[in-house]
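Chain nomenclature is as follows: A, B, C, D and E, assigned in order of appearance, with residue numbering initiated at 1 for each chain independently.
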Amino acid sequence: MLKVSGLHQYYGGSHILRGLDFEARLGEVTVVLGRNGVGKTTLLKSLMGVVPIRSGAVTLDGVDISKDTSYDRVRKGMGYVPQGREIFGRLTVEENLRMGLASRPARTPIPAELFELFPILKQFMHRRGGDLSGGQQQQLAIARALAPGPKLLILDEPTEGIQPSIIKDIGRVIRMLADRGDMAIVLVEQFYDFAAELADQYLVMERGEIIQRGRGGDMEAEGVRGLMSI
Amino acid sequence: MTSSLDLTPRRGLLLGPKGWAAVMAAAITVTVLAPLLNLVVPEGHAFHLSDYAVALIGKIMCYAICALAMDLIWGYTGILSLGHGLFFALGGYGMGMYLMRQIGRDGNYKSDLPDFMVFLDWKELPWAWTFSDSFLFQMAMVVLVPGLLALVFGFFAFRSRIKGVYFSIITQAMTFAAMLLFFRNETGFGGNNGFTDFKRILGVPIALPETRMMLFVLTGLTLIGFYLMARWIVHSKFGRVLQAIRDAESRVMFTGYDPLAYKLAIWTLSAVMCAVAGALYVPQVGIINPGEMSAAASIEIAIWAAVGGRATLIGPILGAFFVNGAKSWFTQVFPEFWLYFLGALFIAVTLFLPQGIVGLFDKFSSKKKETRA
Amino acid sequence: MALLAPVAHALTPDQAAAIAIGDTDSRIAALNKSAADADPELAPFVRALLDGEVKTADGKVYVVQGDKTAPDTAEDVINNNRMRGALEAALGALKLVSPDAKVRAEAVEELRKQSLDEAQLPLIEKAWAAESDAGLKSRLALMRATILVSSSDVAKRLAAAQALSASSEPAVKSLLQERLAPGVETDPAVRGALMTALDAVEGRLAWGERLGVLFTGASLGSILLLVALGLAITYGLMGVINMAHGELMMIGAYATFVVQNLFRQYLPGAFDWYIVLAIPVSFLVSALVGAALERSVIRWLYGRPLETLLATWGISLVLMQGVRSLFGAQNVAVENPAWLSGGVQVMSNLILPYNRLAIIAFAFLVLAGVTLMINRTRLGLFVRGVTQNRRMAACVGIPTARIDTYAFSLGAGIAGLAGCALSQVGNVGPDLGQGYIVDAFMVVVTGGVGQLAGTVYAALGLGVLNKFLEGFAGAVLAKIMVLVCIVIFIQKRPQGLFAMKGRSAEA
Amino acid sequence: ADTIKVGILHSLSGTMAISETVLKDVALMTIDEINAKGGVLGKKLEPVVVDPASNWPLFAEKAKQLIDQDKVAVTFGCWTSVSRKSVLPVFEEKNSLLFYPVQYEGEELSKNVFYTGAAPNQQAIPAVEYLMSKDGGSAKRFVLLGTDYVYPRTTNKILRAFLKSKGIPESDIMEEYTPFGHSDYQSIIAKIKKFSSEGKKTAVVSTINGDSNVPFYKELGNQGLKATDVPVVAFSVGEEELRGVDTKPLVGHLAAWNYFMSIKNPTNAAFIKQWSDYAKAKNIAGHKDKPLTNDPMEATYIGIKMWAQAVEKAKSTDTDKVIAAMAGQTVKAPGGFTSTMDKENHHLHKPVFIGEIKADGQFNVVWKTPGPVVADPWSDYIAENKGKKNVPEKK
Amino acid sequence: MTPDLMESMREVRERHEARTQQAGASGGDASFGRLLQAGQPDFTQGVALYLDDITVSFDGFRALNKLSLAINVGELRCIIGPNGAGKTTMMDVITGKTRPDAGRASFGSTIDLLRLRENDIAQIGIGRKFQKPTVYEQLSVFENLELALKADRRARASLFHRLSGEQLDRIGEILQLIHLKGEAQRTAGLLSHGQKQWLEIGMLLMQDPKLLLLDEPVAGMTDEETERTAELFLSLEGQHSLVVVEHDMKFVDQLTEGRKKVTVLHEGSVLAEGRLSEVQANEKVVEVYLGR
């Protein structure tokens, strides 16, 4: 599904991503782990085209998308939950969700499942996104990315600030989406237990490099928890 | 905790040795070189500095002071003032009133009153003019009137937490209102004409080359002095609080600083700097009128600062010289097309030099370093 | 040479010459003499005189109409205001007895504007007696009364004074005041009637004035609204401190000018409808210029509002000078179509000019359009989303670059519409925009940045406030007061009239 | 040098560009004409054009530049009185010459300036006299409406005194000012209507300057204030200003000038033709399609020609010699008379015309002085001027 | 947690304690500024923060509904509750950002918080970390900390302020603690999310407030960092009062050490209070918050 090879990224002079190679497959959750500042968010931004990549290739279904704009990538089936929520503060909840449907034809209805997953969104349909609490905003951000039904879903620390019960729900949803087999999921997560539970495949990053990778089931055994400490 | 000292940035020094050398060079240029070239070197000689050039540079130095003042409030504190033209003009009017009185009975109507009052039927000096024949009093007014206005205006505005464009717009409204007020002849400051036809300052004929040179030198030294003061301020913790206010005012408050006091202090100081510039400007240019309070005049000050490079102090000074120099030159060489060039210049600077002219220097010097490394 | 042959059935060439040549006194005498015969054949000649179609050469009079010409040496007959007044009066008098009620109504209207004196009494009485239309008759009665109120007959004076209380003419008010001046009217009964009449007339006039203030305020407000609407998009929504907004308006106005000229040249018959085409053209031209600006300059400056100030300032200089090079530094003439000239007389002291009415309506149409477009369409949603968070908008699949261009062009296009409207009331020149840019920003900011509703209230509020203050403080002081009000108002509402509240305001 | 430099100091940008740009062009045309005939003192004239951009302090700076840097022999320039006042000290200090081509308020007489426009008695006073005459409509009440600056203020002060001397009571005079660039005349016209409806015949004397005239006249037309009811006489509205206005509703309103384009005489026909050809040849925007001439253009034209003659007479461009030679110079003016430079007072003797606006934007001359009028810069209607001689002070 | 880190943390704590004692001995905390002298909070009653019947509504929606809460001096209190329960709003009320519609809030037993402006509240010793990290983006990490440093906040004082060696050391310590020593001269805006989070905690420590309000301090941190943070907070307990809002139950567990009180907010008021294990067993809490 998604294939990254030889990806390098810089901010100004500093080398942030140093030659990443990995693949995210349909029906699988690929978890990216790593401490603060190792470049996880930068990686996802590069995948989304938010920052243009310096060198390397990103292909989606075999098509090179590394020169595409963000919105083209979305049209090709990518969905993104950024770190820091980035909801549209002055749009209502409903409008935020409609924005999420931008890549679909006009009049596509907002999928009803979203409201089952995040009931608060239905209740606050006409409240402005910016007025929501932090966790509510995070829920909205996830719902927005799910709305158009992407083929590749990219999540940057989606559980941040969310109450335990909903984290569990989100976990269930991610699992279900992956199991349906028509979606690939890339999940950046610091919350080890959550990550470990969902991972089909895991990557550990350190200073812009992937220092370890493996199957999700082997995480504990391979001492990933230890890699996350200093 | 051994190595904490190397964490401190290199500051504490007001200027490096190179910086001091540059300041000294600038000081010598205005106090020695310019007078020499203008007064001693004979006209026609290749190195002669013409009266026109003296007047032009003198004027631009006044503008540079304004740009510097703008940098303190805008570049460092993030408050875009569109009212600096007003402070400049008020300073100018303060000086202008004194100069009008210095004309004495040499005006058209041989009256004790300034000419415009005579033909507009004023029978006696309006109250605001009571002490205008005293140089010291008027100089105090140059500082006090704009200073107090800024203080009061700023106090209310900052207390109400007016920020961003809202602040810009009310400063503009204030300036615009003042302009309309001064345009009115009833206001008693010469209406649209303002003040012109000055004859003397402190009893000395104002047109004498020596007088002009004195004013020039004074302006130059004021500019240098203000620059050093501004540098000292922005390098103090006070200066960093200002920048913090610019970046995240609420965070500053939640850390226990009262932004009101900081903003008010820098705002008032900035206004007074402009006023002093205005006072220096008027005797050199020979006219002050409400045009200085137009919206465009204030915006231009911001433009000098932006073109030079914000939050750099030296940038706005360079910007003032660059823009005004370019304007003078363009109007002369391409009187019909100069606006194209000036407009294109502004566009180009924003597109290609986001850090302003100073950014260009930085780019060069960092490139040099890179190639050397 | 058809020497007046078709005109002068009853008008001998000598009579015509006496009316056309000589000093004003003698010409008026000759005119009145001919008019006294009430010969309807005089009318075409008078009309021709008024239209400047009469020439003289060597004491002979030529009417130059259609294919009729005069010798090369002929000179125009010059009518000064006094002569023109007399000609109009004569024409009016002639029309007053016309069999056509519409013509008579026009004549009455013309008479109303003149100060009447005893000399006209017989004419008016005659017309009044003959008038069959009730409305016209009562108006003639009022005119008659204005003359009779100074009659020497007390009864007539009393009747006239009573009749006059139905009037709403300012002239009647001063007439009544004159009559009431000490020593003029001595009869107590008549004085009483005069007093009652004066009260009634003054009351009506006061209403006219009040409505007048409201109307002029609304009219100024609608102009401010039009001027600010485009800015509410480019600045309010997109955050571009667009100093070139005024110049985009100017471009719209010049587009109107060009369309007008094309009509004049190629479609003179449809000239009155040039404005219908000018509206879309001015929108398109400004929008295109806006699109070009967005693509070339603004694009690189999103998220750096202060840089946009600098760049758009530069753009405004270039655009202004561009127009100066293209069209000259002088103003150009944009004519109101005939149907936008003049106004409806609502009260004797309240005329609502058509062009201002049209602009008010137009402003609200544009407002409605913009509101619908921003709040109800998908494009509008995208525009709002993109302008809030450009990067994230791209990450939900919105072609932000295109949306930005659309949004900026829309703002620019609306500026063009404003320019088109302004061309109907003010100057069209290279500086057109400069005069409005400050006001535009004031309105947008006072209303609350990004708040369309705020813009509307601010525009109308400032317009009416300004006109209300102008009533007693004069234009300059009123403007100063309005500005001071804005400063004070912002103290109370630091985020404008329609402030964004709560957390989303910080986002 | 083998050329003589002359400065041209008119705003080519900013608010005054509307009026001033064309003066620059007409100056260049006149210089071309003189050069075509061999120049002055055998040398060609070399114009130095600068743009003071409607900014008064910049006028002073540019004047300095012209004199100091370019060493011009004479400068033709300025429109508003403010700009003139701003450059005046420069010309006096450097003892250089300025030719000022626009009607103004008087109250000034500098030895370094030649005023080729009208003083108040050559424009304002005759115009008001006309309004009071029977042909002018026997006005008894006056609205003095102007832009708020020195020229209208002073002119109105003089007019007030004049009206008073004619027995018009204060209560019959309404004075009203608007700022430069004012664009909304709804209220003011409503006020005028009210004032005029209060009885006697009313006339408006307009000293509105610049851009504001267009909205003023448009509103006048819309509110149906016709010339036969309330005539407006303007002192700063000429052919060029009316270019931007639909004049059909304005027919009959008046302007007072010393020249109108519509004046018929061979000199004027030649002048207009020369200008039309020049505008076409130089592709001057606006004028190439619809050439117009006006009073300040004529005054510029006369000024330059007169200066050239004076230089020939003085055989030098030296300021003092030229000043001396200027006295009594004559030029056959397009206005139809021979314009003479007064022997002493630096003003031209000028005829006064009053014109009514025609539907095509031109003026019908409805009244004129029998011959040129001598300027009275220190108007006698201003008390302080009693006893002042119309002679510049010698320095 | 590595031993040397523990070590350095203890050092920090001890040195700091020594310093505050010293200051106390030398007659009052002069550097605290005028407000403190005027209205010293009174902690003799043992209460650091007291909220009584606080109600906040936004356009009719009650974010806080008669919320009452008391935090003791030196107490570390964890507050949990569903998204939108009103936790952040509560902090907004305490720090003066939001004015409640009704209720009382006092610092110590004397100071009425509802009368003070934000900066005064900060001055008397209430510090806050926001849910969304806020730092001075254009200043360096070092300068961010410097500005937070406890010192005279008045304008004139900062104009003449110079860092003492001691203060410099303290900044160094904190930099070490928040793992940003290598980034000291970097512009704060360029830090990653988690780094900003740390920087903000560092700033709070520099400020040395009596009451720390921490809104989701470990969001975006690794488990290991979370533990470290817990250690850090525990080390502050006693000297300072802390209010910590978190959704991470492991973190809360560590902080409460199995015995401290946890408050559960729901729909703007207190739903339950008690030890973590107790509230975790509460049916209602499980339903609205923890989930099954």
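Note that contacts are C-beta pairs under 8 Å (C-beta built on N, C-alpha and C of every residue); 3 or more make two chains touch, one makes a residue touch a chain.
Not measured: the values here are computed from a predicted model.
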For subunit C, the least number of touch steps when starting out from subunit B: 1
Chain whose Cα mean lies nearest the overall Cα mean: B
Maximum centroid distance from subunit A, chain identifier (CA atoms): D
Longest centre-to-centre distance from subunit E, chain (CA-based): D
Inter-chain centre distance, subunit D versus subunit E - centres from mean C-alpha coordinates, in Å: 75
Centroid spacing, where centroids are CA-atom means, of subunit B and subunit E in whole angstrom: 44
Chain centre separation in whole Å, for subunit E relative to subunit A (CA means): 31
Residues of subunit B engaged with two or more neighbouring chains: 180, 183-184, 336, 339
Multi-partner residues of subunit E (each touching 2 or more other chains): 58
Multi-partner residues of subunit A (each touching 2 or more other chains): 131
Residue ranges of subunit A in contact with subunit E within the complex: 11, 35-37, 41, 83-84, 120, 127, 131-136, 138-139, 157, 160-169, 190-192, 225, 228-230
Residues on subunit C engaged by subunit A in the complex (per definition of touch): 378, 381-382, 384-385, 388-389, 391-401, 450, 500, 502-507
Residue numbers on subunit E that touch subunit A, as the complex places them: 2, 58, 61, 81-85, 87-88, 131-132, 179, 190-195, 197-198, 216, 219-225, 247-249, 288-292
List of subunit B residues in touch with subunit D within their complex: 50-52, 55-56, 59, 108-109, 111, 115-116, 118-121, 180, 183-185, 191-194, 196-198, 207, 285-289, 291-292, 328, 331-332, 335-336, 338-339
Residue numbers on subunit C that touch subunit D, as the complex places them: 24-25, 52, 76, 78, 80-82, 84-85, 88, 113, 115, 169-171, 173-174, 178, 209, 212-213, 216, 219-220, 223, 320-321, 324-336, 341-343, 349, 351, 353-356, 424-431, 434-435, 467, 470-471, 474-476, 479
